[in-house]
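The structure is given below, and queries will be raised subsequently.
The first chain written gets the first letter, and so on, giving A, B, C and D; residue counts start at 1 in each chain.
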Amino acid sequence: MNSDIKREELLISQLADLLVNDKHVAVGAASPIPGAAALLAKEEAKLNNKRLRVTILHSNKYNNFTDGARELFDCAAQGRIDTFFLGGVQIDGQANINLVGTGTYPKIEKRFPGSFGSALMYFVVPQIILFREEHSPRTLVDQVDFISAPGASDENIYRPGGPKYLITNRALFKFNKNLKKFSLLKLNQNQTIQDIKELTGFKFDISENISDMLNPDTTRLKTLRDKIAPMVSEFYPEFTNRIWGI
Amino acid sequence: MKSFDELSLKEIVNEVKDGCILGVPADYSGVPMEFTKRLIKKGIKDLKLYCLPLTTIQGDMLIGSGCVSEIEAAAVTLGEFGLAPRFSEAVENGSILIKDSTCPALHAQLQATEKSVPFMPLRGVIGSDIQKHRKDWCIIENPMKSSGVLNEPILLLPAVQLDILVFHASCADRNGNIQIGRRRELATLAHASKKVFVTVEKFLDTDFFEDELSAATCLPGLYINGISIVKNGAWPCALPGVYPADNKEIKKYSLAAKTKQGFDDYMNQSLFI
Amino acid sequence: MKSFDELSLKEIVNEVKDGCILGVPADYSGVPMEFTKRLIKKGIKDLKLYCLPLTTIQGDMLIGSGCVSEIEAAAVTLGEFGLAPRFSEAVENGSILIKDSTCPALHAQLQATEKSVPFMPLRGVIGSDIQKHRKDWCIIENPMKSSGVLNEPILLLPAVQLDILVFHASCADRNGNIQIGRRRELATLAHASKKVFVTVEKFLDTDFFEDELSAATCLPGLYINGISIVKNGAWPCALPGVYPADNKEIKKYSLAAKTKQGFDDYMNQSLFI
Amino acid sequence: MNSDIKREELLISQLADLLVNDKHVAVGAASPIPGAAALLAKEEAKLNNKRLRVTILHSNKYNNFTDGARELFDCAAQGRIDTFFLGGVQIDGQANINLVGTGTYPKIEKRFPGSFGSALMYFVVPQIILFREEHSPRTLVDQVDFISAPGASDENIYRPGGPKYLITNRALFKFNKNLKKFSLLKLNQNQTIQDIKELTGFKFDISENISDMLNPDTTRLKTLRDKIAPMVSEFYPEFTNRIWGI
């Protein structure tokens, strides 16, 4: 077994750690790393005699829905999904996310695909994990140009869900709902707090128990490479080919 | 007399009128690509695309070909192959109007038409810039004493009726029922559309309703105005459960469409050869 | 570890608590009769039945056995065999509360819960005595400028969440997915229920999701809290596509239940022999 | 072929005449006579090179729906059903129907099953045919005790549909929407206008071109007995056994 741990493997492992208390994790479009993390967490739950259900929309086999494309949203609104992943062209310090584009809407300078289902999912799924590999002042900004979904809402708005974590290539943040602010929780290897401060466009707190991201142990790495990678190749063949050569 | 209308693809294309609201299925529910190319070749203008909830190469091609004036969608993207270049450029230079939405809102607006009610409520969305820019949406205080919270603002979305829906499916039976499997968003689209046409890979000489399980996989012919056989009609998109996407071709398109010239060359080749 | 909970029928019965809102399927969607008899035998009290949209012998037996305090339904009937006698008598002597409704309203109230919105609009119904007697419903003027007519009164129905749903189905797969065919109202019921239990004729050692067409026939296991094998579990009601109703038995019931004494004799015999 | 025409056959024939312009007729629960009429009309449409779709909810074979029990109501609300049949414990002169019971609600004297889907269907299906075999002052009343669905609505109510005809064992009435009143159109054999007046609990007009119900001709009767009866026996075996001995 190759012991050089890849960046993607570390992220998958970090994400899997956040799913240990879940019963149902759903993964949206174009998300190979969250997809692999969810399947890994499911496999490890089995060993602990627990059940974790994983719905991967991009897959046929791991797509648990039969009521059409709206079922993801209905299911989430019913409170039946514990964790979902969202990304963003821009993410700001109040956890507002922008999937639409840069510039002053509707006069867009650079247009991206659009908001997908974020404007509902962000409100109703208890644990939303923001996932954006690129960690730069361009992606993590002080204020997003367009709010696809707000990080926080007024008291009279129905909102059982919201942002819990933000993970990038360089760091893991926890979102503090009351302060409406991120707090730096973990650093990727070779990153310093100073690095992160320079590369982050918004102000954040530093957690008291800040630590390094730990590499997956041998057992987990073996599960990931031997069992999970082939599963992921069903629906993300390009990704698994690039990372694991399968 | 046959129990449904078998049409030529040309006849279906001719049903689409300039300026109409066209229903556009997502990449997982049977994209009618062959139909789309013929529509472009015909020189259709001023289409209003309603995507449930997104579009990929179909929307990008129509936009790049100047067929679209307005698009309502939660996303336009080439997925693994990046941004939809003709869409992005058209939005950036203001040549099309994009009504930005979010997936559940696009479903709910059609469900309102499905039930013939003027609006549907939706949770979430409030406080987003999507909502702020949608003048056709409105917010009321929850008037329902027996459910929810009284001072809660509730978003209402208008019923949207499509003029015409065209999608591609694997097969139809001898009575014009269409096999859609679990792609039930196609039923919502059909229920909310004035006219529905389907291209299929083939006809099966069977009746899906003879068996309760096969009945469960079909969209009843009563919603369908005409069917045409078009082999490989979703290519290069996937037909779920039948054939996968031709990723090589979509990648080729994604590279070509990065420039207007590259797009024009690609379309000339794919429409006239 | 098994991917779902296989329970005994007794365990399912024990999940039903006095005073809860119990979801009741129509005669065409898999009536859990064996479960119902055990529930009666247990001596359950004060049930609130929510019927989608009607009930036949199941509701009549529960009412006749004094298990029900309230029922919301569009109809209670023995179909070809006439009125539901224990229901009619209970309403006539005021021993149960009937919240009279109409089929589409019963569907819409569950769809509101399915979407987690506080209400759903519905056309029709206004001006009926059904509407006049439903204090939990309300009427607003259409606030939607972009759809419908402005001074139109619109009926709003509250979201209703069921505490527990129990139905009978033909089979479950090895992952606890339930085959429901086109009885999709069972999906609506399940989505709107806090807990869902199913009795099945058998388990199949297969995975419905391995094939897109068989996937289309099932209710995903994610909505199911437990499954129990109960052979002939719908008898004497039909299990659509599997076995027909035992009309002789239902007729026998309909005659016996015309009087309180006849009903008691029938129930004693069917519960304890 | 037995030429003694049964009462049920005459009613089926009368109903079939009302369906000749339809594209989609739906038939609800416990309605063998409307069901047979719809299938007869469909068969005759075929001969005229026209298509009539028939949805019979009680059948598996002739039930065209796959979206669950709500599809009948959604489909009707979408305007995709031309004719539907409704009955009533009581029907009054303004075409209000009562399927709930007699007495002062909620203090019911005699309770019947309930309103089913009438409160929506009556509003949205363009041609509602009221069908009640018993023609007596008990069933056709001046004013119903409970309105399951009203015969007419205010102008600002969305109502593309409503009552068009009322047919009983004795007579066929047409409903005049503007006058909110029935008009006697046809008499069953051996009935006089005077008979009908005595047996009807509400006031009605007499049509200028009042006529007798005509028996089905030999061709229609043959179609009904040879082709339609076996089809109906799939979903109403007791009825077909009683009428045609099959």
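Keep this in mind: a residue touches a chain if its C-beta (ideal position, glycine included) is under 8 Å from a C-beta of that chain, and two chains touch if they have at least 3 such contacts.
Keep in mind that what you see is a predicted model, and the values were worked out from it rather than measured.
Participant: Return the distance between the CA-based centres of subunit A and subunit B, expressed in whole Å.
Facilitator: Distance between chain centres, rounded to whole Å: 28 Å.
Participant: Find the geometric centre of each of subunit A and subunit D from their Cα atoms only, then give the gap between the two centres in Å, rounded to an integer.
Facilitator: 58
Participant: Please compute the C-alpha centroid of subunit B, do the same for subunit C, then give the distance between them in whole Å.
Facilitator: 35
Participant: Among the residues of subunit B, which are close enough to touch at least two other chains?
Facilitator: Only 104, 115-117, 122-123, 148-149, 152, 182, 184, 187, 212, 215-216, 240-241 qualify.
Participant: Which residues does subunit A have that touch at least 2 chains other than itself?
Facilitator: In subunit A, the residues touching two or more other chains are 60, 65-67, 73-74, 77, 124, 158.
Participant: Building nodes from the protein chains and edges from chain pairs that touch, which of line, ring, star, complete or other describes the result?
Facilitator: other
Participant: Can you work out from the touch definition every pair of chains that touches here?
Facilitator: Here the touching pairs of chains are A-B, A-C, B-C, B-D, C-D.
Participant: If you look only at subunit D, which of its residues touch subunit C in the complex?
Facilitator: Touching subunit C from subunit D are residues 29-30, 60, 65-70, 72-74, 77, 99-101, 105-124, 146-150, 153-154, 156-158, 238.
Participant: Please output the residues of subunit D touching subunit B within their complex, sorted ascending.
Facilitator: Contact set of subunit D toward subunit B: 24, 46, 49-51, 53, 55, 60-61, 63-67, 73-75, 77-80, 124, 158.
Participant: For a test of understanding, state which residues of subunit C touch subunit A in their complex under the given definition.
Facilitator: Going through subunit C, the ones touching subunit A are 1, 3, 113-117, 184, 187, 191, 209-210, 212, 215-216, 218-223.
Participant: Quick one: which bits of subunit C touch subunit D in the complex? Just the residue numbers, please.
Facilitator: 26, 28-29, 52-54, 73-77, 79-80, 83-84, 87-89, 91-92, 94, 98, 100-105, 107, 111, 122-131, 133, 148-149, 151-153, 182-188, 240-241, 247
Participant: Along subunit B, where are the residues that touch subunit C in the complex?
Facilitator: 104, 108, 112, 115-123, 136-138, 140, 142-149, 152, 154, 156, 158-160, 179-182, 184, 211-217, 240-241
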